[in-house]
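Read from first to last, the chains carry the letters A, B, C and D; within each, the first residue is number 1.
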Amino acid sequence: MIPINDFLVLSSILFSLGIYGVLARRSAVLILMSVELMLQAVSINFIAFAVYLSPQAFTGLIFAVFVITIAAAEVGLALAIILRLYRNKATANVDEADMMKW
Amino acid sequence: MGAQEAYLIPALPAAAFVILLLFGKYLPRGGDFVAIAAIAGSFLLLFPVLVDFLDKANGTDFVPVEKSWEWVQFDNFEIRLGFFVDQITIVMLAVVSFVALLVQVYSVAYMRGDPKYGWYFTCMSLFAASMLTLVLADNLLLLYAAWEGVGFCSFLLIGFWWERRSAAEAAKKAFITTRIGDVGFLIGILLLWREAGTFDITEIFDFAARGGFNNADIGGLGLSGNAYLTIAVLFLFAGAVGKSGQFPLHVWLPDAMEGPTPVSALIHAATMVVAGVYMVARMFPLFVLADDIALDVVTALGLITVLMSATMGLVETDIKRVIAYSTLNSLGLMFVALGSGSVTAAMLYLLVHGFFKALLFLASGSVIHATEKQDIRELGGLAAKMPVTAAVFGIGTLAMIGVIPLSGFWAKDEVLHALDQHRNVVLYILALISVFITALYMTRLFIRTFLFEARDRVGWGHAHDAESLMTLPLVLLAALTAVGGLVVFGFVGEALGFPGGFGEFVFFAEPEKFDFAWGVAIFSTALAVGGIVAGWYFWSEKAEPARRAGEALQPVYETLYNRYYIDDAYQWVINRVVLTLGALVAWFDRNIVNDTAVDGSAGLGLFAGFELKFLETGKLPNYALAIVAGVIGLAVLLLVLRL
Amino acid sequence: MGGVLFALVTVPLCTAVLIMLVPSRYPQLVRYVALVSAGIQFALSLIVFFAYEFQGGRGLRFGFRLDWLENVGFLGKNGISLHLAVDGIAAPLVLLTGLVIFAAVFVSWNISYRNKDFFVLLFLLVAGVFGVFESQDLFFLFFWYEVAVLPMYLLIAVWGASSNFGTFVRTKEYGAMKLVLYLVAGSVLIFIGIFATFVEADRGTFDLPVLGQVQYDSGFQKAVFPFYMIGFGVLAGMWPFHTWSPDGHVAAPTGVSMLHAGVLMKLGAFGILRVGMTLLPEGAEFWAPVLMTLGVIGALYGAISALAQTDLKYMVGYSSVSHMGFVLMGLATMNDIGVSGAVLQMFAHGAMTALMFANVGALYDQAHTRDMTTFGGIAKKMPRHSAFWAIAGLSSLGLPGLAGFIAEFHIFVGTFRAGYYWAGAAGILAAAITATYILRMLARAYFGPLNEKWESLREMRLGEQFAGALLIAFLLFMGLWPTPFIDRISDTVANIPGITS
Amino acid sequence: MPDANFDWKLLTPEYILVAWAGLLIMLDLFWPAGGFGRWGRLDKELLGYIAAAGALISVLVSLIWVDNDTNFAGLIDINDYTTLFRVFFGLIGVFACLASARYVKERLLHAGEYYAFILLAVVGANGMAAASELLTAYISLELLSFSLYVLTAYAKFDLRSNEGGLKYMLLGAFSSALLLYGIGMIYGTTGSTHYSEIGKALSTDTGGIDEALFLGLALIMAGLGFKVAAVPFHMWTPDAYEGAPLPVTALISAISKSGGFALFLKLFAEAFEPKIDDWRYFIAGLSVATMVLGNLVAIQQSNIKRLLAYSSIGQVGYLLMGIAALSPESGSALVLHMMGYVVTNLAAFVCVIIYYNWTGKEEIKDFAGLRDTAPFLALSLSIALFSLAGMPLFAGFATKFILFQAAADQDLLWLAGVAVTMSFVSLYYYLVIIKEMFLGKAEAPLSVRVPWVEYGALALLVAGVLFIGLYPAPLLDWVDGSTADVFAGVGRAAVAGQ
């Protein structure tokens, strides 16, 4: 059986990549995708924990399902907002969305 | 009715003051009669008190009368206020009430027509009440209160014509200068209280006699022996220096002549200014118990004042100011007497001084009233126009000079005698020199005012003796000036119902029989006569010799004319040091404490806010970075601190 | 009788609400409501003062308690209650408050710009002041303290005056903001002190009598007392935390200056005594030399600064700093005479400084300047006004027969008894400097020949005269017959822990 | 694990809210523009009042009708704590709807959805307070957040609204990912997502799993810190506040914070309390950073929304003290202060909304002369600002005092000291606004219709401010009784240790 640590390492690498993406990307869409990556890392975690730690209970699995669902909703919502910005400002670059500051 | 009711003496003028203050406007003549009736009542009340006091005495063994009421009560702190009657008190009461009565009568005419006539009598009543309280006070607190009270009245009356800039300034100067002395006075009182635990004068004496002040210390200074007591009485004496115009706080008295002349006669000659002498005499047991330095200081300052004021009197031209210098001169002598250990001499001088100095002032007041001039360079020849005034003024002058048998002679003789006996010869000689100078300038004053031809014909032309209301007090005072000194003789005293001469009535420790010191008398009389003759030489006719002397001794003349530059020095200190210090502190307060420290720290907050707000860059990745940094920070710290 | 105290707090509050309901087109009605209310407050405060019963020793009179919060959270029985009562220290100060607000309403009669708002805020302020003096609950003491600070900003900024002094400018906004922020900054320290005290006492209540019975650890007392000392000291104008006071007074309108210097500054000294010294006697003893030093510096510094001022309000403002320095000195003596003197000085200074500000205001209303050098001889035109000035000034320089002397004398006696000779001597010197600046001002502005520029000056209004006469009556009352005051004060002071007799 | 109770009735308030939200969307969608004969047109303003009525009904239902001291399926606690917050959030919804009515009518499209989202946000917040399990809590949190994201970006054609929505949304997603990862860690180390189970697990020795546990804790703190806007997770706040339509700003400031704290308090009291000594100083540190930064930066703001955003960050700093000092006393103090703050803040926002409705201005200098043009508004806003600054007679003083004292009681005197100092700093910028209103000169007199509904709502809020300030006893008693529920398990660590 694959040791649980492998899953955890995978997930943390994914999570870190996601964080890097959020910090490094300037396109709102890419940032959103990076967040999705982080959410997937979370899902892996939950599933791994569920399987390895408490196989009888389904909590972790259910959690993963909800994470996926919410992630989907999030994408929908975020894209809608990004579109509004794009419509009004003709850009999805978050650096240019700095009208409000200080 | 006896000595137990002595509190009524100040109560009457106090009541008059309240009545005049509240209803003076509605009374006819501004209510002057109320004031005069009150002070007359006080004067009359003195007699039953005196009789009672003498009755209770057994020979020269007098029993002070004391009565007090509780005023402030703490757990172990109590202040009782009351009165205390002994021989010194009675002498003072006599001087104060009598002179006050005469001056007020005189004022009725002198002040007539003044727009603030009623206010004048109101102030006079308040003054009489305060002064009589001061005299009767059995306790230092009440004494201090009354002391400030008379100072305040002096302020009001010097500044009576406050529309004149000079009067307003003089009033201010008088109050502040005496107030500086009072700082010391109050400190002295508190020092005494600190150890004795009471303000009651007799109890403090008892305490001191028991040695209670021995080895007392002030906050770790390491005082021992009588040092504490000495410091305390020197502080007390500071009050006397201020009030009685001794060097170096004498500067206010000449300026105080801005007030109406009767005020000068009463307050700045006969009564208030001698309060310092009275206080020292009253507290004399402490001065004696203290180290010798205390009385040395009293003598020294007294003598300096005597010489200074006498020399300044030589060149002064304002008639009232000359008399003011003579007052300083006399006060100095009184302190010399006290410093030499003779309460008798001091009180005798105080008594007769009250008469002859009031006389001189009131007479000069008549001159001013008649001529509306008070510069002796513009006077002269008034003897022809104002014979009565000239006569009484002459008597006063001679008394001041100390010509036998006028009262001044006996008093001055006692002082010199005491000095001769208790002090070294240098001081004695200095005092004798002062006698000569006194004769010199008093002669000058009289000659330039009353004799030879008038330099200002206009004022001279309409001058005449004043009406009887003003002349009568003059004559009464002149009579007393002439014969008052005879109380030194035992038979005179006995005739008046006293156990003996003045020395057997007013004394410290032991009654003193009058002892005529021929040596002293001859010296002083010779010097006095010499002074008169010299004065006649210098200032008769056109006063050419005086002018020449003045030119020959130009620097000396200048120094004297500018009052030894002391006023200038004080003014310099006030302008350059005190006000600069004030401006400096105000500047410091505004610029350092406020603008820098207070506004600065506020500005720091604003600046921090200004800098911090740029953290909010408006760029989303930065925001995310902050979140990540926060997470990492939290996680690392949590782990590090835990592990 | 506890209702009296409750009424003293609620009457001004209700008046504020009532005045708010009066339509602003009836300004005269607003004034009469204010006057009647102030009169009621004055009458009630007289009752509090004169109906005070002596029962020997500690004891609170007119006790009144409304439960506010109890048995909830960290609060136990009587956790926080509106516990009102006065002792011999508070009674004279309550009287002072009633007196000054009554006078202030007369003086503020002619305010026409938003006079409704003015009186609303003024009465809010007064409610706070009464509350502090009466509170026997630490929470509410502080509550009312802040209520008193609350309206100050608007009172000064809206109705005040900006001044240009040539070399520098002080706007009313600046004065108001500094005053409010400074006082609240002081209350930060008080806050911390209260928190610490409550935790240390661990009685689950803010009731002062209960907290007073707790024996606090000595190290704790030494650590916490400075918070109270400086926190309340700010409001008391303690050097070097005093600069809000002169600038605030210069900016404030007359009635507010009267209340502020007359009463509000007393809250600070009262707080040090009521909270700091009563709860933490050992801490107070430990810090007394510092308090004494600050008091002495304040007394001298204020007096010397006042000497250099030409603006009348600045002069009075700095004289307040100086006189509050005396109060702090009295407190620092830690003995019954000195502390009584401090309380007496609070009353005396309150009445006389209110009188001084009323005078400055009356003059300013006509002359539109407060620069004393531009006046001269105006006593001729305004004799009563001048007399009022003189009496206030004489009281402040400690002339016997007026209130200031009684108070200062007790303070000086206290300092000598406590062994602070230098402080006593410096205080007496400060009183002499007071004489200098007061007389200098009088000689310059009021005496001497009349400056023709001021031919048109008239005597001050009758209302102002009445207010002044009322204040003078109390100055004389205390100056000539201080027994009622001293009896009440000493009755209480002797029983404050840590106060030696 | 508690016995599961599948009594569906227990969630009635939420059903009502959801149903009402649907009803509003339907009404807006299907009500003909011309109206049904005599039924007339459906005024958009009316929709707001209907929504408010819905929220009010849910309040009444939760107050009167719902059982106490039970749970739903082991996921949602139904107890006093839940009821308290249901009422509280419901009332926030009521006032948010009332305050929105005219604003939405005049400035926004799609009123039906707008109100529906408000009601859904209330549902989310209710869930956050009620959840006894991390998944439920997370879903509720996202429900609340999504509603607010949408509302923030609701002004479709306003660039600032778009931008604010974008930042809020993306950062929100990012932070919820962090939160989730943290939840995962906790789940992995304790084996459960139920608060009580986690608490039990943490009461025993956790030597071997500390690293993962604390990583999870740090991530959860970050995620919740984001919701309540704690520094340094606060960066979205000023931009979202400024960008969002005004009533939405009011709603965010009220419900996002109080929902966040309801969850924060319950989670930390029930689950993480055994490890309090490990995390309390971090919360205290966050608290200090939050109040210092929020209050200092607020000084430099010129836009009133932005100023209120920073002031709300400052308030979060105070509230975090309640967590740092975690104890039954500090819990109730926290909730009390939060309620006082929310009521006050809503009052302030309603004032700003009314003024904005009249003039379309929201800079501080635009409030010049408000005393003359609209005295009631000036008075109310002054009261609200003084209350925020913690001046007495008003809510802020009493609640702050109790909160700070509660913190001091738990050895956090220094923290209370910092808080009082910052509270003093805050007075400055509130006074600046008051100065504008009372000293500034209005350019022109306002001639506007008096908005009676808004004024009524404002009067109620101001009355609330005064009531809490003058007599908080009833509210505190209630709050204290309610928060006791979440502290039922406190002391477990001590017990287990013996």
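Heads up, the rule we're going with is that a contact is a pair of C-beta atoms (placed from the backbone, for glycine too) under 8 Å apart; a residue touches a chain by one contact, two chains touch by 3 or more.
Please read all numbers here as calculations on a predicted model, not as lab measurements.
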Next on the checklist: By mean C-alpha position, what chain is farthest away from chain C?
Outcome noted: A
Checklist entry - Quick one: most central chain, C-alpha centroids? => result C
Checklist outcome for this item: Separation of the C-alpha centres, chain B versus chain C, in whole Å, is 37
Item to check | Geometric centre distance via CA averages, chain D-chain C, whole Å | outcome: 42
Item to check | Gap in Å, rounded to a whole number, between the CA centres of chain B and chain A | outcome: 96
Next on the checklist: Between chain B and chain D, what distance separates the C-alpha centroids? Give it in angstrom.
Outcome noted: 78
Checklist outcome for this item: Touching at least 2 other chains, the residues of chain B are 613, 616, 618, 620, 624
Checklist entry - For chain C, what residues touch not just one other chain but two or more? => result 181
Checklist entry - Among the residues of chain D, which are close enough to touch at least two other chains? => result 166-167, 170, 174, 178, 238-239, 300, 428
Checklist entry - According to the definition of touch, which chains form touching pairs? => result A-B, A-D, B-C, B-D, C-D
Checklist outcome for this item: In the complex, the residues of chain C that touch chain B are 168, 178, 181-182, 240, 243-244, 246-247, 301, 304-309, 318, 336-337, 340, 377, 379-380, 394, 397-401, 405, 409, 412-413, 416-417, 419-422, 424-425, 428-429, 431-432, 435-436, 439-440, 442-443, 446-450, 482-483, 486-487, 490, 494, 501
Checklist entry - What residues on chain B touch chain A, complex-wise? => result 613-614, 616-621, 624-625, 628
Checklist entry - Can you name the residues of chain C that touch chain D in the complex? => result 67-70, 72-74, 114, 117, 139, 142-144, 146-147, 149-150, 153-154, 157-158, 173, 177, 180-181, 184-185, 187-188, 191-192, 194-196, 198-199
Next on the checklist: Going by the contact rule set out above, which residues of chain D touch chain B in the complex?
Outcome noted: 166-167, 170-171, 174-175, 178, 210-211, 214-215, 217-219, 221-222, 225-226, 231-233, 235-236, 238-239, 278-279, 282, 293, 296-301, 425, 428
Checklist outcome for this item: Interface with chain C, chain D side, in the complex: residues 328-329, 332-333, 371, 386, 391-393, 397, 401-402, 404-406, 408-409, 413, 416-417, 420-421, 423-424, 427-428, 431, 434-435, 438-439, 471-473, 476-477, 480
